[in-house]
Amino acid sequence: MINKVINGPDEAVADIFDGATLMLGGFGLCGIPENTIDALLRKGVKRLTCISNNAGVDDFGIGLMLKTRQVVKMISSYVGENQEFERQLLSGELEVELLPQGTLAERIRAGGAGIPAFFTPAGVGTEVAEGKEIREFNGKKYLLESWLKADFSIVKAWKGDTAGNLIYKGTARNFNPMMATAGKITIAEVEELVPAGELDPNMIHTPGIFVQRIFQGSHYEKRIEQRTTKS
Amino acid sequence: MINKVINGPDEAVADIFDGATLMLGGFGLCGIPENTIDALLRKGVKRLTCISNNAGVDDFGIGLMLKTRQVVKMISSYVGENQEFERQLLSGELEVELLPQGTLAERIRAGGAGIPAFFTPAGVGTEVAEGKEIREFNGKKYLLESWLKADFSIVKAWKGDTAGNLIYKGTARNFNPMMATAGKITIAEVEELVPAGELDPNMIHTPGIFVQRIFQGSHYEKRIEQRTTKS
Amino acid sequence: MLDKHQIAKRIARELKDGYYVNLGIGIPTLVANYIPQNINVVLQSENGLLGIGPFPAEGEVDADLINAGKQTITMVDGSSLFSSAESFAMIRGEHVDLTILGAMEVSENGDIANWKIPGKMVKGMGGAMDLVASAKNIIVAMQHVNKEGKSKLLKECTLPITGLHCVKKIVTELAVLDVLPEGGFRLLEVAPGVTVEEVQNATEGKLIVGGEIKTIEV
Amino acid sequence: MLDKHQIAKRIARELKDGYYVNLGIGIPTLVANYIPQNINVVLQSENGLLGIGPFPAEGEVDADLINAGKQTITMVDGSSLFSSAESFAMIRGEHVDLTILGAMEVSENGDIANWKIPGKMVKGMGGAMDLVASAKNIIVAMQHVNKEGKSKLLKECTLPITGLHCVKKIVTELAVLDVLPEGGFRLLEVAPGVTVEEVQNATEGKLIVGGEIKTIEV
């Protein structure tokens, strides 16, 4: 089996270039590639377009890359909880493209699956539909959306093996599996890296074919945005 | 959790009507719903349109339903290994629509996912493209394919729980997961049925929301088409 | 007048045995607290979970298990986890029976506006546009009038649209109303102490009053 | 002239370390027997497996584990299983590096016909149309002439097309040829004992001969 293991996040991002388009997994701060984001901060790569459902918070996740002005464009479905984001957006330093969450997920899946365009009902009659082809099927209107791809996809999994197979945990799965399929280069950081053959082939969420680089991350903070408990 | 358990295959097919469109999981004879096919034979329901990657062999799988003339149309990607099939096709008793295997899989997935149409490169320049819209994206030609849905989807899984969650085994997974999403009513037969809560939520292949009826099948023959072993 | 918990409780009576339900952020989330004991309802979280359970005990908090509002949660027996693409396949494919969400405005033909106020920072539509474009049944939980005292049940939405012709029912602090297929808000129930006239005054769109108007049980 | 095992062996030399490869039914399946020891190659089976292993021992046969030719197989360490939709997402999305398949005809501009003979029972295209429409690199393994002695390397295909402009290389019992982007079969190697003239006589399409023609190592 092909060995995809690299030394760590700095090696993973070594060839990420200024102006690259990145996909970053996660929903809110859940399931984000913490170690690789840190490496991107260290590398200081600039003018990035980031495709990610959210933009992190001021001092964690993609928010950290906004603070260092490494991001020029975000493609997301929801970008609240971030003061610096708001400031850059209003000042025109940052461009934002907002998409319905399901459309974002499906466009990324389409990018990985070789489907250049598909029809979806989400956004019909809204400003999301502006300039897009509308077509009726069985009496209901749908709009045409195109695939999304990235130069690099950066995902976070729970377990992974040396062949690049990934298993996610809980709702930390979210956008990670589709993004893993839609990057020219896909970088996976995992909490536990095991030799090929240890994971059950029947229980793999992302087959290794989609992953070019894998490493075991360290010191996962896993910050919680809304800590809610039973009273 | 909602309980989807029914008594058995005869109850599962009780309301399948003459002229219905069925999806049946399986690749060759691997992962086919053996018990439910037997119940369809007993019920004798007629004029069925069957969407299934293959058409079984003369004396097993969908081939049994061809012998009893219950099927008027097959939508498949490959229909070899079946003499009776060939006879009915040549005599005009049976209509056949052949689709590229990936197009068949994706059209079913689209049916379950609320995507009425999508572009695919498979079949461009071939007779599959006749009458279909062709469009170019990034210099490559694609054709527009529409979703497929069924009145009843009939799938076979390895394990299932009372809430309808399913886990498949090996390559018996194949078309079953997509078909489970694309039926108005989805019937699942499983080798082992367990109470909700026993299966790991992180390892479910088909979430219970897609399954309306589930039962534990019996006497799985699992016939092998090409028994090949190391010499 | 109903408080937000009473609105949630009233909406919970719309749930039927066997329903898969998506609850939006805010009042809709509270509906989970009032699901009748005698029915089975499964809650979907669009970030990838079917079978949301109660909030965790202090020692059971798992950062890898959150709902769409980013709150820590638990799972009930029989849950399943999946990707965002699969989650919205579920939603878009009309497998979810009921969606309950908040709104800034609803028009008398069922249009909804709930994601953007021109001139204010736009945070995004999240999954709202997918949900309203795909749900078989949509119930809106909201205040009848906004902070400036203006009606939120309008002839036409003034804010940017989230989806067209999709809202089926509205529950506010004043009343329960159906949105009729042919247009108009049909008054079904009023809150205790609220008169039909008060509902009329708070409703800019066409209000249809006819037959028995019940009082909401609280 | 090469036998089918020698054709497979020659094709195996096209494999590169790290390749994910889809092997069609027939001669292509035999390529698995000749993968060089010093490289890692993962075989994809379009019915839902990455990591095909050897045929099972008699006692290890599992009816739930077959390849696309419906033969019982095993899995190597690091395998993964998935649905047909995911499998063809992999293929269509160009994640598979190389596809090796048989053909009835190939034209000098790379068109391939391999699924249907008019007048004969049509069994279907299976996954062939998806594979040829999506693969980055396609090598055809076939006989140079058909049973009637007619060339299968043509100016234009006469049989119904499976895919256009897709075949990159052909290995037959007589020769190894590249299909040039501008059209034409470029002769690279001949089988031991086969002359360029014999290849020319067996090739109806434009044969391009120039530079050194090696003899295939067998």
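We call the chains A, B, C and D, going by the order they appear; numbering starts again at 1 in every chain.
Convention: contacts are C-beta pairs under 8 Å (C-beta built on N, C-alpha and C of every residue); 3 or more make two chains touch, one makes a residue touch a chain.
Since the structure is predicted, the reported quantities are computational estimates derived from the model, not experimental observations.
Considering the contact criterion stated above, the chains in touch with chain B and with chain C alike are A. Set against the C-alpha centre of chain A, every other chain centre is closer than that of D.
Taking each chain's centre as the average of its CA atoms, chain A and chain B sit 33 Å apart. Centroid to centroid, with C-alpha atoms defining each point, chain A and chain D lie 36 Å apart. Rounded to whole angstrom, the centroid-to-centroid distance between chain C and chain D, based on C-alpha atoms, equals 55 Å. One simple way to say how far apart two chains are is to compare their mean CA positions; for chain B and chain D this gives 29 Å. The residues of chain A that reach two or more other chains are 106, 109, 113-115, 120-121, 169-170, 202, listed in rising order. Within chain D, the positions touching two or more other chains are listed as 49, 81-82, 88-89, 91-92, 134. Viewed as a network of touching protein chains, the structure does not reduce to a path, ring, star or complete graph.
In this structure, the chains touch in the following pairs: A-B, A-C, A-D, B-C, B-D. Taken in their complex, chain D has these residues touching chain B: 45-49, 54-58, 61-73, 81-85, 87-89, 91-92, 111, 121-130, 133-134, 160-164.
Within the complex formed with chain B, the residues of chain A that make contact are 106, 110, 113-121, 135, 137-138, 140, 142, 146, 167-170, 202-203.
Against chain A, in their complex, chain D makes its touches with residues 17-18, 20, 40, 42, 44, 49-51, 75-82, 86, 88-96, 134. Against chain D, in their complex, chain A makes its touches with residues 1-3, 109, 111-115, 161-163, 165, 181, 195-197, 201-202, 204, 207-210. Contact residues of chain A toward chain C in the complex are 27-31, 53, 76-80, 86, 89-90, 98-106, 108-109, 120-128, 158, 169-178, 205, 222-230.
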